[in-house]
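Questions regarding the structure given below will be posed in turn.
Per-chain residue numbering starts at 1, and chain names A, B and C are given in the order in which the chains are listed.
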Amino acid sequence: MGTLQEMLALLFGENGELRQIIGVTLQMSFTSTTIAVCSGIPLGAFLGISDFKGKRFVMRIVHTLMGLPPVVAGLIVFFLLSRSGPLGQYKLLYSVTAMVTAQVMLIFPVAAGLSASIVSMRAPLVRETAQGIGLSPWTQLAYMLYECRKQLFSVVFTGFGRAISEVGAAQLVGGNIQYKTRVMTTAIVLETNKGNFDKAVALGIVLLIIAFIITSAAQLLQDGRPTDC
Amino acid sequence: MLRLDRVQKSYKGRCVLNIKELAFNKGGRYAIIGPNGSGKSTLLRVLAGVLATDSGQVIYEQGLKPQLGYMPQKPYAYGFSVLRNVSIAIKGQMHSKQAALEALRKVGMERFAHAKGNSLSGGEAQRVALARMIALPRPLLLLDEPTSATDIAGSESVENALLDYCKQTGCTLILATHSLAQAQRVAETIIMLDHGNIAEYGPVNQVLFYPQSEEGQKFIRHWKWS
Amino acid sequence: MKKITSLFLLLILVLGMTSCSSSSQSAASETPAASTPEAATEASPSEPEATEPEQDTAEAPENPIIRLSTTTSVNDSGLLPYLQPAFEADTGYKLEITSAGTGAAIEKGRTGDADLLLVHAKASEEEFIAEGYAPERIPFMYNFFVIVGPTDDPAGVASSENASSAFKAIAEGGYTFISRGDDSGTHKAELKIWETEPNPETDKWYVSAGAGVGACINMASEQQAYVLTDKATYLSHELKDTLSLLLEKSDEMKNTYSMLAVSPDKWPDTNIDGANAFIEWMLSDKATQMINEYGIAEYGEQLFFVE
């Protein structure tokens, strides 16, 4: 019960720190998801409808990248952005920008791979009809995105879920700096290390609730009309 | 206006098309018949350019390829309205909505104009696909069993619409069909395929009543008037 | 097949949950390093004597395993692994060392997950004693925090009289300062030095990192900032050459380490004999000498001092 009180106090009390942390978390997650899906979904859909010589090879690369461990993405971005790295002059390490970069690196392949799979299921049915009436490849892509819109939308939610629960890269390249790059996941790690288990659990519950809302929304979209895909 | 030159196509080790030469004249009406697996669909796909050949080539008259219309056996209808499904085939024309509606009327589908494309049955989807074909003048129509899911009455009205269209536009028509009666009604020339090779070729009544080859005779003897 | 797989998974889940709940009171998680040794000691106090490997000089005690909870800075300095073989050979006990931030390290004593604490946060230790979890604290060694920062030292820390005037110069000049921000011993010591505690929300030069020593040194190197750290960790850090050691041996930066044995009044099963044996050994002449010698060979100077 102490935890429940703690949670409510954190959320609605005088101390606005949790609200600030949630704010940074959402800002980071929205940004990375948007960038990753706006580039990943069209690319994935394009791969799904295309039929070219190296397609299998490209798809294999995409699927491998989907399994990139988050902390490795963090490591790569860390070295890119650190003072001694190629982009060090921009001093981007330990910022929300750095965190977004790492997350985009993670979510983009996921968005592309999932979209390609979704579209590939329907593509063979559509391809010959579309070619037969002379639709341009761009038009075909646009209509295909429309046809699979429900499932592709669920990819957005999948991406968002990944972003919001990511901790390894966020810690590495963000630095968990108070009021700047502290997000819910890194805050939970910190509070646990400090021994404030009640606070950590309260944070965890809030994060869980947010994550569940996202996943449920994705599920609802997935269970769309059965005639789709 | 269109011909094949030493075209070969294999699929999973099996030869599905093997045509030394085959030519189509402008304004002609051709029916491709043959038993299942004889290569009818494959031939149409190759002619339409949606399937690449292993060897040989398809030679088109200048400007023909981008303007032809091809309709697969199981045509796809997008999830938006039927009317829109047809009007997307009409490129860059001002009154495409009207032309689409007119085409739907010709195939007897104008009642479905505002229905969703994914709510159509197989036969309805085929007629919509046909509307796409005839919604604008085309030099060549390639149709793969366009009435396979339609009933007899429907088929006849579709055939009439096709013939009207051909007369008006002077287009070349090549269609695959499993109905010899339909071939007789619609076509002037028959091409019969057997295991990817041309077994029969000639004017419609000549082939149907006096098939020359062994395969031709076997096949045509077992047909059902439908 | 599906049924069997899901039953199997359920079984694993149930086993996992029961072993977790039996080893800690609260719903809290333990650091991953700790979880396997905790589960092992949960078995029973009487381990079979045959399993003691390093048994040439001493006889095996009844409960040979001592769960020692310490902080990341102590662990990162390498002192404990250095002392451990000698202790184990001399006494026949086996040390299971877990490290975490000061807060979590002390919390292990409260939850019964440790027999003995080795920490350096006097106020927190006294709180622990006041709550009855330990009878006393035994301070036995000390070292100094140092202020480390950019080589060009814009705040003039190197020429400051003491730590507080150095911090004052940093605050006045608005030079970036990396704080541990995690309630650790180092953090608490740092807070004491500031005349007016900086506010991470409004003082943009004050970076509250919420991270361990190593990560803070990374950040300081990256941003060419000032940071308070313990000397041992700094010397053993890979990036130490990107920064300079600017101020050391100021009184406010004395860091005292104490041992606390967890009281059997709170946790009857705690290995009080083992804890006391460790404390006794650490206060012995032999240990004193070893501690004083630590670091001289590798870094050229003494890292820990025994009073």
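One rule holds for everything that comes next: a contact is a pair of C-beta atoms (placed from the backbone, for glycine too) under 8 Å apart; a residue touches a chain by one contact, two chains touch by 3 or more.
Please read all numbers here as calculations on a predicted model, not as lab measurements.
Of all chain pairs, the one linked by the most C-beta contacts is A-C. Among the remaining chains, the Cα-based centre furthest from that of chain C is the centre of B.
Of all chains shown, the one whose average CA position lies nearest the global CA mean is A. Computed from the mean C-alpha positions, the centre of chain A lies at a distance of 46 Å from the centre of chain B. If each chain is reduced to the centroid of its CA atoms, chain A and chain C end up 36 Å from each other. Work out the mean CA point of chain B and of chain C, and you get 80 Å between them. Those residues of chain B lying in contact with chain A across their complex are 45, 48-50, 66-67, 69-72, 74-76, 78-80, 88-89, 91, 118-119, 129, 132-133, 142. Note for the complex: chain C touches chain A at residues 26-29, 31, 100-107, 181-184, 200-201, 207-212, 215, 219, 221-223. On the chain A side of its complex with chain C, the touching residues are 3, 82-83, 91, 93-94, 171, 175-180, 182, 186-187, 190, 192-197, 200-201. The touching residues of chain A, when paired with chain B in their complex, are 125-135, 139, 143, 146-147, 227-228.
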